[in-house]
Each structure stands twice: as C-alpha cells, then as structure tokens.
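Lettered A, B, C, D and E in written order, each chain numbered from 1.
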Amino acid sequence: MLQHRRRRKEHRPPPGEPPGSLSPAPYARPTHLHLLAYDADRLVEHESPDVAEIEARIRGVGNVWIDVAGLRDVDKIRAIGQHYGLHPLTLEDIVQVVQRPKVDIYEGYLFVVLRVPRLEKGLVTEQLAIVLGHDFVITFGERPSECFDAVRSRLTHVHSRMRSRPVDYLAYALIDALIDACFPILERYGELIDELEEEVVERATDGLVSQIHVLRRSVMELRRALWPLREVLNTLTREGTPYVQHETRVFLRDCSDHVSQLLDMIEIDREVTATLLDLHLSSLSARMNEIMKVLTIIATIFIPLGFFAGLYGMNFDPDVSPYNMPELHWRYGYFYSLAVMATIALGMLGYFWAKGWIGGRWRRGGRGARERD
Amino acid sequence: MLQHRRRRKEHRPPPGEPPGSLSPAPYARPTHLHLLAYDADRLVEHESPDVAEIEARIRGVGNVWIDVAGLRDVDKIRAIGQHYGLHPLTLEDIVQVVQRPKVDIYEGYLFVVLRVPRLEKGLVTEQLAIVLGHDFVITFGERPSECFDAVRSRLTHVHSRMRSRPVDYLAYALIDALIDACFPILERYGELIDELEEEVVERATDGLVSQIHVLRRSVMELRRALWPLREVLNTLTREGTPYVQHETRVFLRDCSDHVSQLLDMIEIDREVTATLLDLHLSSLSARMNEIMKVLTIIATIFIPLGFFAGLYGMNFDPDVSPYNMPELHWRYGYFYSLAVMATIALGMLGYFWAKGWIGGRWRRGGRGARERD
Amino acid sequence: MLQHRRRRKEHRPPPGEPPGSLSPAPYARPTHLHLLAYDADRLVEHESPDVAEIEARIRGVGNVWIDVAGLRDVDKIRAIGQHYGLHPLTLEDIVQVVQRPKVDIYEGYLFVVLRVPRLEKGLVTEQLAIVLGHDFVITFGERPSECFDAVRSRLTHVHSRMRSRPVDYLAYALIDALIDACFPILERYGELIDELEEEVVERATDGLVSQIHVLRRSVMELRRALWPLREVLNTLTREGTPYVQHETRVFLRDCSDHVSQLLDMIEIDREVTATLLDLHLSSLSARMNEIMKVLTIIATIFIPLGFFAGLYGMNFDPDVSPYNMPELHWRYGYFYSLAVMATIALGMLGYFWAKGWIGGRWRRGGRGARERD
Amino acid sequence: MLQHRRRRKEHRPPPGEPPGSLSPAPYARPTHLHLLAYDADRLVEHESPDVAEIEARIRGVGNVWIDVAGLRDVDKIRAIGQHYGLHPLTLEDIVQVVQRPKVDIYEGYLFVVLRVPRLEKGLVTEQLAIVLGHDFVITFGERPSECFDAVRSRLTHVHSRMRSRPVDYLAYALIDALIDACFPILERYGELIDELEEEVVERATDGLVSQIHVLRRSVMELRRALWPLREVLNTLTREGTPYVQHETRVFLRDCSDHVSQLLDMIEIDREVTATLLDLHLSSLSARMNEIMKVLTIIATIFIPLGFFAGLYGMNFDPDVSPYNMPELHWRYGYFYSLAVMATIALGMLGYFWAKGWIGGRWRRGGRGARERD
Amino acid sequence: MLQHRRRRKEHRPPPGEPPGSLSPAPYARPTHLHLLAYDADRLVEHESPDVAEIEARIRGVGNVWIDVAGLRDVDKIRAIGQHYGLHPLTLEDIVQVVQRPKVDIYEGYLFVVLRVPRLEKGLVTEQLAIVLGHDFVITFGERPSECFDAVRSRLTHVHSRMRSRPVDYLAYALIDALIDACFPILERYGELIDELEEEVVERATDGLVSQIHVLRRSVMELRRALWPLREVLNTLTREGTPYVQHETRVFLRDCSDHVSQLLDMIEIDREVTATLLDLHLSSLSARMNEIMKVLTIIATIFIPLGFFAGLYGMNFDPDVSPYNMPELHWRYGYFYSLAVMATIALGMLGYFWAKGWIGGRWRRGGRGARERD
C-alpha cells in the first residue's frame, strides 16, 4: 500500500540571487566519480578519481563517460564544469535538483535533464542530468543509479556494439535504461488499482478514500515526471539537433515510443482512479440504502405493533361505562388483538415484498417489473 | 456481461538490455508461417514453410505475403528478418507485443504496428505487425487472425482486383479488414450500454456499479488501441510516404474515415458511461428518498400515537385526588382518546398529502403546485 | 418528451469484403429519381426517369440536378455511377449510410457527405451525399427530403438567381437548406431543457433522471452529426478546392457561420444538461433533508415523551415501600408528569427553532445568524 | 438576484429561402438614423435623415458615421445597403440578429458583427453590426446604444484626436466602448458569486441550487458572446486586413488585451460556479449529518430506556409464582430500575462523547485523536 | 489558513473614454522614484529625484534603471513617458493596474507587464510593468518590491557581471527575481493542501468545505497570473524580438523553465484540490453510514423488544376467559418473556455480525467474505 509522502522541501536559492551560484541541497549525498573511457579496442575504468586526473587517464581513448553520483561536493562539480566548458546555468541546473525534464542546446554540448521515478513508500522522483558532448558523456545523479550498472556491464564486453559507436549511442542507452525502469512502477500501480477496485466494490471501508487519493497523487506525479520527456525525445530525434548522429535517431525514436506507451498507461490509470472515487461514493450510498432498508422494515413493522400493544395497556376504567375499552372483556379479546397485529405485520411485509425490499431483487413497481422478469 | 480481466503481465526485457535482443513472451504461441506469392496470373500458396524455402518458392512471382502467426520461435522470425533486411529494433518490436500502433519508416520497408481488439470475457488487444516492402508484405500476429481469411480467399480468385495491384493494396486490404472487425465490438458495447441504462433507471441494484466500471474501462482500452491509428493512417495517406502508391491512398483514406467513425462512437460511449455512474447515484438517492418517506410516514404517525396510548397507561392513582388522570373515569374517555389519536393520524396524513409525499406527485408547496397541475 | 431510441443496427459488409461492393441496407427504401435540368432560359423536370433516359433529356441544357431518394435499387445507383464516372468507393459510401460528414476530392467531381438530423421520438440522423461535378449535382438521400422542395420551387422561377449561376451555387443552396433545418431541432432542445430545469427545481421526481439522460444523448448525437461539418465547409470555402467557384465561396462562408452558431448552441446545451444531473442530485438531497427534519422533529419530541409515559406505567408495588413510585400517589402527580413532558417538548421545539429547523430559514448558529438578518 | 430568462425565440427565415431576403424580427424596433459627418475642421450632425438626403449632406466632408438603431424598417436598411454597395448576405446578417461575432471581408468594406451584453433580469445579448469602408462607418444596432453617446460627444470636440484620424479609428473607438461595457457585468457576476458562496456555506437553503444554475448559464452565455471576439480582433489586428490602418492596429491590440482579460475573468467565474454546486451538495450532506446525529442521539438513548420502562409495565402475575417479576416487590425496585436506565443513558452519552458526536469536534477514534489534539 | 478576500473593485475609466487618459486608482500609493545609472566602472544612485533631474544625473553613464514605486502621481509618470517617448497606451496600461501579463513591442522600447503574487490573508496579485529600451529599464510597480532589493545590491558590487552587461540582462534579473518569489507561495499552498488532506480524512468537519474552496480559488488566481507569463517569455526568448540580446536569451530560457515548473506545480494543486471536495463528500457519507449503523442497531434491537414488553402490558382481562393472556399466569411467564426478548436481541446481533456491521470489518456477504479474509 502506498503512503502519502509530504513533498520534499525544495531547495532553492533566495529570489534575486545571480544565476550560476552553486549551493548544494541539504539532503545532497557525497559526490562519487566513476570514470569510464572506451573505444572499440580499449577500456579504462576508474572509481572516484580526482578531477585533475581525468585528463591524464583518458588521453588517447576515444570516448569518455563520467558518472557523478551525489551532488554535495559542488567544488568537484565546478571543476568538471570548467574542464568541459559547461555554462554556469548548466551547473546551477545540475545542483538544483528540481528541474523538469528538458533539453538545452549549448555551445559544445547538449544538456538533458530527466527525472528518475522510484517507488519507496510513495513515489519519489530524482533528477538525472546528462551532458552529451562530442566525445564525452557526463551524468549527474542524486544517487548511484542501479539501472546504469547494466549499461556499464554491457560496455565492458569487448564485442559490445556500444563500444564501437559514438558517445551519443551511450547517451541513448542510458536514457533507454531509465525509461525502461518506469514500467515496473506502472505495473505496481496497475496491481494497486486492481486491488482497490475489488476492495471498493466488495467492502467500501472508510480508509479506502485516502488510499485512492494517495494513489491518484502518485499517478499524477509520475505523469508530471514523464510528460515533458516526450518533448525532450522529440527534440533529440529531430533532424537538426547537434551531437546526435543520424544512426542513433532510430534508437531514440524507439525510446520515444516507450514514453508514449508509458503515458498511455498513465492516462488510463488517471481515469480509472478518478472513477474509483465515484465508485466508492456509489458503494457507500448502496450500503446506506441497505442499512436504511433494514431500519425501515423493522421500525415500520414494530412501531405500529407497539402502538397497538400500548393501546390495550391503557387504564380506562371499564367499570365506569361499557364504552371504556370493552375489548378487554371480550372472550377472544387477546386473540383479536394478536390477529390485528399479525395482519399489520403481514401487510407491511407484503408491501415490502411488493416493493422488492425483501426476498429478491429491487423492483421499481410491483406488477410491471414482475412481468418483465 | 463483461468481466474485468486483470491486465496481462507485460513481458519486457530487464532495463539496460541492448536493443534488438529477442526473447519471446511466456504466453507466446508456436510460430506458423503461411506463404502466398501471387501476381495477376500465378498464385503460390504454402503452409508453414521453412524460412530457407521461401526464396525458392517465390522465385519469379511478383508479390509475396508471408503471414507469421504465433511469435514463440524467435529463430524463425530472426531468419525472416535477416532475409528481408529488417532492422534489429523492428524485430524487437515484433516480438515484444506491447507496442502501441505506429508507422516507422526504415530503409527498404515500412513497419506498421496495429492492435487487434478481441472481445472475450473482457477486451483483449493483440499486436499485429505489418512489414511492407517494395514487393512483399509480412504480417506478424500473436495468433492466426480470422479476418485475414476473407482477404486470403479474395486473393485466390483469379479476377480479383488485388491480384493485379502492387503489394501496398494488399497491406491496405489487411488493415481495412482489421478496422472493420472493430465495429461489431462497438455494437456489442452499444447493446451493453443500452441494457445498463435500462437497469440503472429501473432497478439500481448494487452490482451495476462495477459493471459500469468494467464497461468504462473496456471502452477506454479500445480507445487506447484505436486512437494512435489515426496518426498511423495519416502518415500512410500522406503524399511523401514511401512504399505506398498514389492509387492506394484513396483506399487508405477510406480506412481513415472508418477509424474516425469508430472514434466518434467510442467518444459517445465514453461520455454515456461517465453519466451512467451519475445516473446510478441519482437512482440510489431516489430510492433512499422513497425508503425514508415510508419510514417517516409510519414513524411520525405511530410514534405520537404510541405516546398517547402510553400516557393513559400510566398508573397515577385516581383515588388520591381528582386531579390524577380523571380521563380514565370519564364515561367516553376511551372514545375521547381514540378520537385524539385519529385526529393526530389524520392531521399527519393531511400534512403528508399536502407535501405530496402520499397520493400523488411530489410537489414543492401545496397550493402553488396544485394550481399548476 | 424525447424517448430513447435504441441505435439503429448499422449495416456493414462483413470484414474483409473488397471495397466497392454495393449491398443495400435492409431498411433502405425504394429508389426514386428526380431529374431537373436548367439554365437561365430553360427548365426540364422529370420524375423517376430511367437512368438511360437521362442523357437524352438533358442534352443541351447547361446544368443538371439528379435527386436520388431511397437507396434500395443499387443497380440504378451503379448505373448513375458509371454514367458520371464515380469511383467505386464513392458508390460504396453512398449506399453504406453510416458515413460521417466529409468532403472527398475525386477526379471529375467533389463528393460531400452530410448527415440530416430529424427529430422523431428521439433524434435520427440520415445520410445525404452530394456529388458536385462541373455541370451536374447528384444528391443521394435515404428518403425524399422536405427541405429540398423549397430549393426546387426557387429553381422553377424564371428570374431566380440560381438559374443563371453554375451548379456549385445549387449545391450551396442544398447544403444551406439542410443546415437551416437544424435550428428548429435546437430550439426544441432548448424548450425541453427549460422544461426539465423547472421540473428539477420544482419537483425532482424520479423519472427526470432518465429524461435528462436521454436529452443529453440526443444533444451528443446531434453534435456528432454537425461537428465534422465545420471541417467540410472549411474545405469547401478554401481557395484551392475544385468545382467551387470563387463567387460561391462567400455564400458557403455564410453556411459556415451558421454551423458555428449551431455548435455554440449545442455546446451550451451540453453543459446545461451536464449540470442538470447535479441539480437533480442536489434537489434530491434537499428533499431528503426535509424528510429527515420532519422525522427527527417528531421522533425526538415524542420518543422521550413516550419513555416518560412508559415510566409511570411501570407496576412497581407502592405498597411494599414508600420508595416505589411515590409519584403515583402524589396529589398533583399527573399534572407533574404532564408538566415534565411539556417541558421536554417545548425544550426540543426551542432547540429546533434555534437551529432554524422550524419556523423560518435554516441558520447556522442561533445568535450570529440572527444578527446578520 | 438573476432570474432565468427563457431564450428569445430566434427569428429565422424558413429553410430553403434564398439568401439576402430581408424580413425583420417580430420584436424589431423602429429604425432611427443618426448621421455624423466629420473631418478635422467640420462636423455635420443630423438626426433621423432620409436615406436619400445622406449624399447631399455629407458632400465634401471627409468621414461619415451613420448609426442605424432599430431594425424594423428593412426598406431603409436596403436603401443604405444599395447606396454603399453592401452584399445581400451582409444585409441579411444585419437583419437576422442571431449572428455570432465575426469579421467578413467584402469588396469595398469590412463587415464586423459584435454582440452587446446587457444585464436586465438575466443576461441579454444584442447584435451590433459595423460596416467599415474607406471613408464611412455604418453601425446597425437593435436599439440605441448608451455607450455610443460617449464616443459621439468625444467626436464633437474640435480638438479630439478622433476627428483628425481616418474612420477605422472611429470603428476602434466604438468596439472599445462596447468591450469596456462588459466589465461592469462581470463585476456584478463577481458580487453575485461572492454572495452565493457565503449563502452556500452559511445556510444551504433549497433555492440556492437554481440560483447557482441561473448564474452559471449567464456566465456561459456571456462567454458565448465574447469568445469569438478574440478571433475577430485577431483578424482586425493582422497585418493584411484591408480598411484598417497600421496606426490603428496598436489600439485594436489594446482591445484584444481587454477581451483576454474578460475571458480570463469569465473562465474563473465558470470554474467557481461549477464548484459552488459541489459546495452546496457538501453543505447539504453536512446538514444531514447534523440532523442524523441529533436523531440518533435522542433515539438511541430513549428507545432502550422506553423498553426498560415497558418491561416493568408488564402485567405478569407476581402472585402465581415468585419468579414472576419479583423486582416489582423489591423495596428499592423503583430506584433500581431508575439506576439501570441512568446507567444506559450515561453509557450512551459516553459513547457519543468518545465518538465526538457531542461536546466538541468530530474525531475519528477516541484515543488517537485526543492524543493528537 | 487562507481567508477569502472579496475581489478588489477594479478601477477602470468609464466606457467610451479616449485611450491614454491617465486616472490613478483610488488605492494607488504615492509615487517614489529611484534612479540607478551604471556601467562597468561607474554607479550613480539617487532616491526620489525630480523627473527633470534625471537627464542631468545620468549623462554619460551607459545604463539606467528607473524604479517607479506607487502610481498615484500620474504627472510624474506622464513626464517620464514624455522623456522616454512612451506611447499613450503604454502609460494607460501602466496606471490601470489590471492588465494581464503581456509583451508589447513599441517603437523604441519593449513593454512587459507582469503580475506579482503576494500571500496576505488571501492571494493578491499586483501589476509590475517593465519598459526595456536600448539603454534604459523603467519599472512601474504598485508598491516598492522586496525582491528588487537583492538585484539592486548585486548591482552595487563592482565586480558584478550585471554591471558589464547591457540593460536587457538587468531586465532578465528583475523578471527572474519576480518568478523566484512565486515558489514560496506554492510551497505554502502545498503545506495547506497537506493539512487539509489530513483534516478531511481524519475529521471531515463542516468548515473544511469553504477552506478547500478558498484554497482552490487562490490556486486558480495564481494560475491566472502565471499562465500568460509563458507566452511572455516565449516572445522574449524568440530570435527576432528587439532589445533582447542573443546572450541574454539563454538566461530568459532559464526563466521560462522556472515558469513551466511553477505551472506544473499549480496544475497538480488544482487537481488535488478538486479531488479534495470529493474526498470530503466521501468522508461525510462514511460518517453518515456510521451514524446510521448505530441508530439502526439500537433501534432494530430495542423497538421489537419494546413491542414485546408492551404486549404483556396489555390489560386484557384474564378472568373473562382462559384465552385472555394466559401467559401472565404461567409460572415462568416472566422468564419466558425475557427469554423471547433475549432471543430476538441475540438474533439481531447475530444478523448484524453476519453483515459485518459490528465486531469487525464491513463485509459484503457473510460467508464468502469471511473465507476470503
């Protein structure tokens, strides 16, 4: 079951700050660098290098992937930025992890921001920034990303297609891995919806309302994270975009299809959760009707009976006149009173039966409905 | 009646897999090939051939249609792919049967994905991929498709127009057959909606809510399968699209009209199912009002009567003083008490009649409403 | 009052049929032809001619209008088609009367499909196809159209502007007549909505729900018939469309304005019917509140009274001890008990009055609200 | 308070009428002409002139404004039309006062239709047509327009900027005056909404529903009158439109901004009125809960008490056996019974207090909620 | 907690006024001018100068920023306008503080209108106009803006990047500061929504409805203020816009991203507040069910018991015949009657337990549901 997570307090510089000032979020993790330089023949891998070392290590190797995980050490990030000529706004966007997905074209590189959804107790989305240059890819994530491991291990295979292709193919592979990681979340949503649907129809307990609501919010937040991705991939697959080779476009188009699939699924989830609330309300009303029927049947049968019993419990003095409660002295007075009560009770029951409140389905009018059945 | 079908567990490779790796879905059926080569004069038909045989059989015959039904034997599919120069992503999309409808233009062929809806207990949509080359059509379906049989039998007629036309006309005929197969489903939906409408208004039983909900989801899923088809057909009828002849465009435009008709119908179904829930809620409220009216009428008449009866059942001692319940010793005390009760009852009945709760239509105020009638 | 009409079973060929095969709908009416050839000086009119005769009769007269009413005799239609060179898909669309409004541009003619709404018990829309050639107009309707009579009679006047203009002006006149025929339907809708509004607010009877629902569906179906007409008229008034003269465009633009007016009115009707359901629900709730107030007032007054009456109807033996119901032997015991009951009743009434449940308007809290008034 | 106005029966010619036939609406007012010819130096003003006179009077004066108020005398209108070369469709649109706002470009003039909203008991919109030629402006209104008086008096000032500018500036001034006249209506709406909001939250009386509904319809009708105005002003400010000088465009753009402001305000009003109904429903439910709580508290306390009282009112004969109602003969039997009843009553009250139904706020569960507070 | 603020009475000139007439709003504050002229080397700052002085003071300094706070002294504003050649419509828009955000391109300058939201008791948006010329920026605000102070202090630093850049960078910095000031408001909204969500689910008190409503309106008004900003920034970042340097565009694009983030957040807030009302209604219904259950359980148990007690309180005379209430004389009559009542009570309790109304969760049917659990 999902739990509502209060929104993370967003970390922003105060209004009026000059752009390009880097201040890490209070929840930022320590920065780890992972260097991977490769071409078809060679592969250099180095964990957590000094930024200064990078140049030395990758000399002569064609393609470089620097994976920066954790954004607390802004000095390291600034150093990388200076080395690769990143614009101050790019660095600011990297450190302020509240960007929505976008592509910005700068001189010397493409800057892509994505949001990586993760399902903990509720939905969390974290920022991942990709800088794609002519022969380097730098990724900046809030934490080490599990789905990059698969890409990394593919890259270490000598015969991997990725080794012999330019870096934009690596960027594609990373984006693709991130998008694919969204499908399990939507499957989990689908299961939750199916469970809630059953619950609503079967039980309509009180807590369901807030569960539906939390689920609905999670769906909306996932949508928020993925919706701009369409535009991002459109830009990347468009003909004129620099740093993306023609051959890679067909692969990015495939990513784009996946995003459309995801958004289709989200759209359905949104509509279904919206109707779940109506369903719940409807279920509650139906329950209420059931309760009311029981109350009405019991009360309308026994209240008149109670009155009759009370009637003959009155103490009018039969001795004063023969008109005072003569029934009390009838030979079969008691039976007569019981018969009257039985008649009332049976009449009521008959009325309820005719209305369909007891012993069968609810019918509109007695006769017509019975003929139809 | 439709039944809710839990979503089929979608089969996807794990995130980070290289594109183009083919792994069949666990529910994939065994692969059958059906070869049909034809031109205006000749017709070669062969069931389940070896992929290697294809080349031999079709030599010299103008047009080829290979129908691949069932996608378990990925080796066969890969063999066809190699023979016809299909891109790895194409093959991946063929085997991962969760694509949304699309057209991709590759070098050497057009790749069209459709979804074929089928109404079992609920709505199921299955993927059908069509590869349209210069002189061949290859169809990849999850199962043998009934609506292809009609096309196949038309093709076997010597004087069929299809025989003397290029393969894009065959592709059109297949797409047209698939689209036409959607109409009966929508007619079934229409019938279900009509039935539910009547049920809701007449009966408003409890189970209706979930039936409406299931129907609504089915409508939304059909919409999901058909909506992207518009874009697909727009692409196919556009002037610049390769592998589609000018003469075939007018026929594809006709398909496009059909899809628009389908989407119009779906749109109406969507709106109607949406209001059905409101209708149901409204019906439930009306029922509740009815129940409450019965309860109120009975209770408000008999509770005061019961009080009066109880009043004269009190045991205050008339012997102590003449002020203690003198009514009990009146000559017509009993009649007097009955008269009081009758007055109360009639007064109540009159009040309810004036309010229109009994004996006629519900009216707002007594006088004004009566004058209007 | 509108009645819900189950949808007409749509007549379609089975999936996989070749396009252009003509099979009349089972409900098609016998075909009548009405020939009208005219130019500024001459007028030839002929009822129900043989198709073969046409050529002979119109020889030398500039413009021809063939009105085909009823679509059962597909042979006649095919004959006309062959004579005027109509495409097989055009003929198929003419006979399959389920098309949505559209314009198709063929070589030699424009093919326009419209839907003519008619208000019987519910809304029925019938197809009308117009073929506009260089010097001929052919109209294919499901039945003889009343609104064509006015056009025909204008045409028989010698000085009619229409006589001296090319055939596209005739086509315009026909389309205009059809569009104008929609306004009375919308006025009828407006009246129905006004009536329902009053009913809902005044009475909130049970049957209203389904009436609102039926009206809403009728509005949606009219919208479905008219919405694509916008696109049709846009195409016709666009500069490049063949067979439409520049001079006629200004008149078609006028038609287009009328369609926009119609769609505006439909849009308002849609929104109003949507809120009518909410209004109804609200009315039902208000009624329920009224019922509950009555029940609560009566029950909460008399149930405690009943208890008190019952209290002094207990039979504890006063002889055993002076503590057993001494009130029964008080001199003013009866008055005392009556006084207690009256106090309870008046207290309750005062409470209800303070809450505003009786004797005036509903107020939130006693004091503050009274000060505001 | 707004009152619902049944729609004015629209006056239309019967379907099939030739365009350009002028028949005045039955509610049309008598036609008054007001002539105003001006240039920087001269000003000629004449009330209700004969159409024939116009030419004589304006001779030599640069710019002319003819204000036609009231559309009953179609002969006068036709005469003006002939004099200024207006197209028959233009004249028809002028007389049929049901047009939606639009701009039509004719040879020799621009034809602009606006709708002027007026708030009587409900919202009424009347048509105003403006014909803008090279050196003349003709306005056709259903009645004399108050907001034209201000424009007219500005024009009579010798130093008015308007006098020395071409006629399109006059047309702008008229349109601007009409648009500005909409703001007070929206302010009135805003006040009504504020009042209704307070009423709904404070009182939730029955009549509110229909008031909200009427307001909502008025808002929608105002929107209908203003929405197409955006398109009208877009056309007028576009570069290529004839009869509008470049210098006037910047002023028309200002009008366009005002229309956007109006539509923004309408949009908010629409959303707020939509949620008002929900608010009302919610208020009704809250009231119902309050009623039910009172009923439940009273009934669940006194019904068991009543039962106990009734129990000891039974007449089982204590003389037959010591097992028959021995309590009646206990020394403290009466006190014992009173004690039992008090216990029940206090138990119930405690239960209700724990549930938060009495003596404070509603709490979910007794303990947890209390800890939170 | 937000409070609903009645809309500020908008100040508008009467309809028909010539454009360009300046009349200050009644709530306008006195005008303060703040002059700041700067280039890379020099900085001239002057508080509240005479307009005539400006020219003298800034002579020779490259860039000028005049901040006009308070709009009451229209003469000062007109003087500035004349000095910098502002169009009369520009001045009118500056003084009429009801504009929606827009960019107008005039000869000699760009005119940008923004709305600055401020959260007092409710949301207030105030107008800020920015005039951007070749070497000057003039800002017109309704009051001194706090967020400009940060920009001003950055400007006073000698090494500030802003000093050495053209004035459009200053304009960007101002816009950026304003946009950044919106984030805290949205964070406050987010907190309010979180609080309301909890309240709704936990308590569902009556006042929540109007709180939700007020919040919803505030969200809508913020949206109204920010939505047109997208268009404004699109215009500013577009290539052809004058007075904006190419280098500044990348910074404005960053602003544009921030606006998109804001609108995303607003969109989610809108949806969530919309569902909050449904949640509340649902909660109310659930409470009602709870109340009804309690009432029904108590009433349906004790009403029949009360009847039985009343039955044996009847006074039929056992002496008349042995058929009159013989139970009263049975030896164990009392026990028998108590046993009957206990049976009824237990039967009822069992029935309610089976229905799940007591002692556990609500279940649909007794058996099936229990098996599932």
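What we mean here is this: a residue touches a chain if its C-beta (ideal position, glycine included) is under 8 Å from a C-beta of that chain, and two chains touch if they have at least 3 such contacts.
In this text the structure is predicted, and so the values were computed from the model without any measurement.
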item	value
Smallest number of contact steps required from chain A to reach chain E	1
Shared interface numbering between chain B and chain A [over half = same, under half = different]	different
Where chain B and chain E are represented by their mean Cα positions, the distance between them in whole Å	38
Where chain C and chain D are represented by their mean Cα positions, the distance between them in whole Å	23
Distance between chain centroids, defined by C-alpha means - chain A, chain C (Å)	38
Contacts with 2+ other chains: residues of chain A	278, 281, 285, 288, 292, 295, 299, 303, 306, 310, 313-315, 325
Residues on chain C engaged by chain D in the complex (per definition of touch)	147-151, 154, 160-162, 173, 176-178, 180-181, 183, 187, 190, 194, 197, 201, 250-251, 253-254, 257, 260-261, 264, 267-268, 271-272, 275, 278-279, 281-283, 285-286, 288-289, 292-293, 295-296, 299-300, 303-304, 306-307, 310-311, 313-317, 320-321, 323-325, 357, 361-364, 369
Footprint of chain D on chain E - complex, ascending	4, 6-7, 9-10, 12-19, 87, 89, 92-93, 98-100, 102, 104, 106, 202-206, 209-210, 213, 216-217, 220-221, 224, 228, 274, 277-278, 280-281, 284-285, 287-288, 291-292, 294-295, 298-299, 302-303, 305-306, 309-310, 312-315, 318, 325, 327-335, 337
